[in-house]
């Protein structure tokens, strides 16, 4: 329980809250990137270097940009007149709160059984690579296929239909 | 003697931190290195602006800056003073916070990239195991800064420039990664120091730089293209194509913030050149075995400056591409070549030593190059560009 | 209160924030953002468990996280593509107005 | 005489015999090719057909030469090539072809005359739009006819026989737009069918008796002593043995094809077809096929006689032939259509051949067949040339004086006419007919046929003279002036004319080469042949008869060229007889009154049966089914569908209830999911701590 952790946790929380609360959608996206960055640093704090950098590369570098593009393409950057929250926001909030309550409860329930801080494991990228192509090769392939399919699918779904084209 | 010359900066660092208590030493050394980097590269940036203006002047058959100081050497300082003293204008309708944050994020992320670059023997700030990955993560973050700048200043030129820049950077980031992956495949490590070490050996007095292999050459060429695009240098400088959209995403910036953008751009150029040098040109290793006595950092920076000169040269020579041409080039020519290059590298890896792998790999690459190029030429991608909005 | 518990709590909170956002925002893109947050929270859990688990060398949690990152990227791409095409047809990203699937 | 045939020891058939099948195959294949051609490809079609037939002619000449050389070296070539067509259990149906003097001679005749007629047709049919179709049919006919000639199996022969009938039908009805033509075609087809039914019966009977349909099969064929003995052992009705009966049945088929007396009615009408067709099919080849058939199965016909039993079969053949000869000649006298006259003369000549077969044997009949083929083809083609020249005029009373207008046609036609009349010594017809008369004279059974045939000869000379006088002498009475035909038509005439004269040389009593060739024994030229008792007398008398006919004809019609309207000379003399003759002795009317009437009545009866009885039954069944269907439908509507609809309604209602939950809002679903998660987690924890 050191200072770094608290700072990072605070940063992440702030980013997440901002992403969910701000009115301007682009601000939300930027706040989201802050949250992502905070998470990446949390990973680093957990000695998961590779995961941290991957998180940074993928989320900050790609997903955030994607979100921003989507926002601009859907003219979502200007804030709508009638509020940014849906009519049933209260119910939603309640449900979320309930979920948090349950999760927190379960965690606190099992605090006693959680393992204490172990010494930092040293994993090199090489080990990860070996694991990826030896023990986790099947998931790796599946993810590769999934990504390809997702790529093509996204392109097709978002593709600009010419007149007389599909639909 | 040679040793000291080579390790002079390292020794200096140790001497400095030796005054501090052992607890603070790692932190202090890190801070000192960072400080050194942050001080050195702006200076190099100043020099480079002068160099570039001179060089462009020569290329365009005119004298460059020649009033301030000998050969106008002091011109950058004059510019610096000017930009520091100018008024910092923030447009009325701009998104002040983001508008303020953008240049900072840009510069910070760009500088972070240097952390993993080995600039000489033992001269690396943080020798991360996943150094390359870190570098790319940082590089990816700069796009966000560009977008922030473009979007926050509520100016259609800025926005267009930013969108162009982001699109371009995303496309070419893929190429950048894929063309670097081949090096990782061969050297078997993401750590840049290890990569350099892998290239630091000689046969018949010649170094084992990766550029001296078929896949390495191809990879380097594509890396160079991608790097040019990543740094928005001409011929890929559409984002700030002054003839089209006044100055791209930093149209609405003035004074020191503008200077920061300018700085960030050049420093990015330095860092990516450094990366290229490290990956393909053997980093700080000497080009010939009998030159190994020359201090490693000299080699690194001379290679760096060489590539900088190439950048300038390109800018002086090539005309600007068009947006759709740019995209087609990235996705339809460079990307396939990159993927093929991966395959070839695998072949290289498994064909074992001997002349065979040279023949096979070069043949495949050449054939593919000619084939794809011809195919691309046949279906003309230069045509009326089509605008696609999601209205 | 152990470190692991702290990470888990952070993850839980982040998850709930994401869920709340996904449940309350009108804009489809923001709902997607919320979902991304939830995914990341899950990743954080995985990594934390890997770090403090009995067998870190097995890399299970790490791998899980990496794969889920990849999957999340795919999900983001497809989801945003869907949002864009929906916007092209319905000219809105307001989920309250998107109830054409009403039974 | 036949037993003098000495079979060549079979050491495998020679190459030419092996290739014999090509002779019919090539024209048939070519016919198929032409059938696939477009209408405008006239020249190609004609070239192909002629080329194919000339190939057949070439091969036939080779075959003939082979047989001839064999004969020279004193062996009567007789080679067969057989193969199994169908294998049904123990019994098998074999097909095959035979190469012997008979078939060799016939092959050469058919392909040669056919080729000439093809060439002639290119001129005659020049302006017809269905030129290609014509040559397709002609080629098919030629092939089928050649098939008939070489067939060694009664079945194969029957197939080709029917194919010939088909082509004849097609070609008679070639100008199908004319009602008369199509009617004639149908008539020809049906009438010959009558004969063919009997023929088929004969075939089946023969097969059931001998178990094979091959003529010659190294001693196992149906015409070889073994089988014949078996047949003779089988008694049939009227004191006939099976052999005789079968022979008679086959003869019925032959009579149908060759237009013998009861079944001759189709042949005159067949003249509706184009003239080359009449020349080729209805004068030279197809009608002769009947005669050829009899010649082919002659052993069967005469088996009885040789066995010392009755000679009924051949007697019947003789009587039918003789009566036909006189009968047709009588009718020919009173006809005015140039082609009809020739048609009736053909019928009577066929009668001569039959009589010759019946009384004199194969050689006599076949000799007349060959000579007749040439000069009758010549006459028909001459008639065609005349018709062509007088622009499609066929009534001889509207012609006249053509000898100056078309000298070539006239000359050749005269030759043909004299050959037909049997002008002494010079012409082939004289010798062939004389052979028949001689045979008749020596016939043991009766003398009447002899006199009938002599009378027929007289009539022949008379009506041919009448025709020639009408057509070529006197003065032109037609409409537009006539013109000579092109060389492509006259050249074949000339060639045929030559043969009409020359062929007589091979059958004189002095040098009976033809008979010797057919019967396979050597011969030499010596005038002693005339020294036979009565022969000279016969020759002189028949010559006198011919002169008498010519004279009478000239007396009545020479150079007078009466108006077309004014009645004929004989008509003024004996009107009723003339009328009877003109109306073809009412045979058609007789058939119309009897056979056709019966068929019409029978058709009406079966029509009535169909409508009332069978139709009624079918309607009843249909009604029953409709009733059943009605029942089913009501069942469906009320019970099955009813219950189904009810179930559907239930489903709809319940679905509607559930659909309330489905708001279509993503967030609602998400919310429900989250709640479920909460519930699950709660349960989990609760259970875990308990």
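Think of it as A, B, C and D in the order they're written, each chain with its own count starting at 1.
The rule is simple: a residue touches a chain if its C-beta (ideal position, glycine included) is under 8 Å from a C-beta of that chain, and two chains touch if they have at least 3 such contacts.
The shown structure was predicted, so the numbers you read here are calculated from the model rather than taken from an experiment.
Common neighbours of chain C and chain D, listed by label, are A. Chain pair with the larger contact count among A-B and A-D is A-B, by C-beta pairs in contact. Averaged C-alpha coordinates put the centre of chain B at 33 Å from the centre of chain C. Per-chain CA centroids place chain A at a distance of 29 Å from chain B. Remark: chain B and chain D have CA centroids separated by 100 Å (rounded to whole angstrom). We define each chain's centre as the mean of its Cα atoms; on that basis chain A and chain D are separated by 97 Å. Shared contact sites, meaning residues of chain A that touch two or more other chains, fall at 50, 54, 62, 69, 73-74, 86, 88, 91-92, 95-96, 99, 103, 158. Among all residues of chain B, those that touch two or more other chains are 390. Shared interface positions of chain D, defined as residues touching 2 or more other chains, are 667, 671, 674. Residue ranges of chain A in contact with chain B, taken from their complex: 24, 26-27, 30, 33, 40, 49-50, 53-54, 56-57, 60-62, 64-65, 68-69, 72-74, 77, 124-126, 158, 160.
Considering their complex, residues 667-668, 671, 674-675, 677-678, 681-682, 684-685, 688-689 of chain D touch chain A. Here chain A touches chain C in the complex through residues 1, 5, 9, 12-13, 16-17, 19-20, 25, 28-29, 32, 35-36, 39, 42-43, 46-48, 50-51, 54-55, 58-59, 62-63, 66-67, 69-71, 73-76, 80, 83-89, 91-93, 95-97, 99-100, 103-104, 107-108, 111, 114-118, 120-121, 123, 127-128, 131-132, 136, 139, 143, 146-147, 149-151, 153-155, 157-158, 161, going by the rule given at the top. Residues 658-667, 670-671, 674 of chain D touch chain C in their complex.
Interface residues of chain B facing chain A in the complex, by the touch rule stated above, are 95, 98, 128-130, 133-134, 136-141, 143-144, 147-148, 151, 159, 163, 166, 170, 173, 188-191, 388-390.
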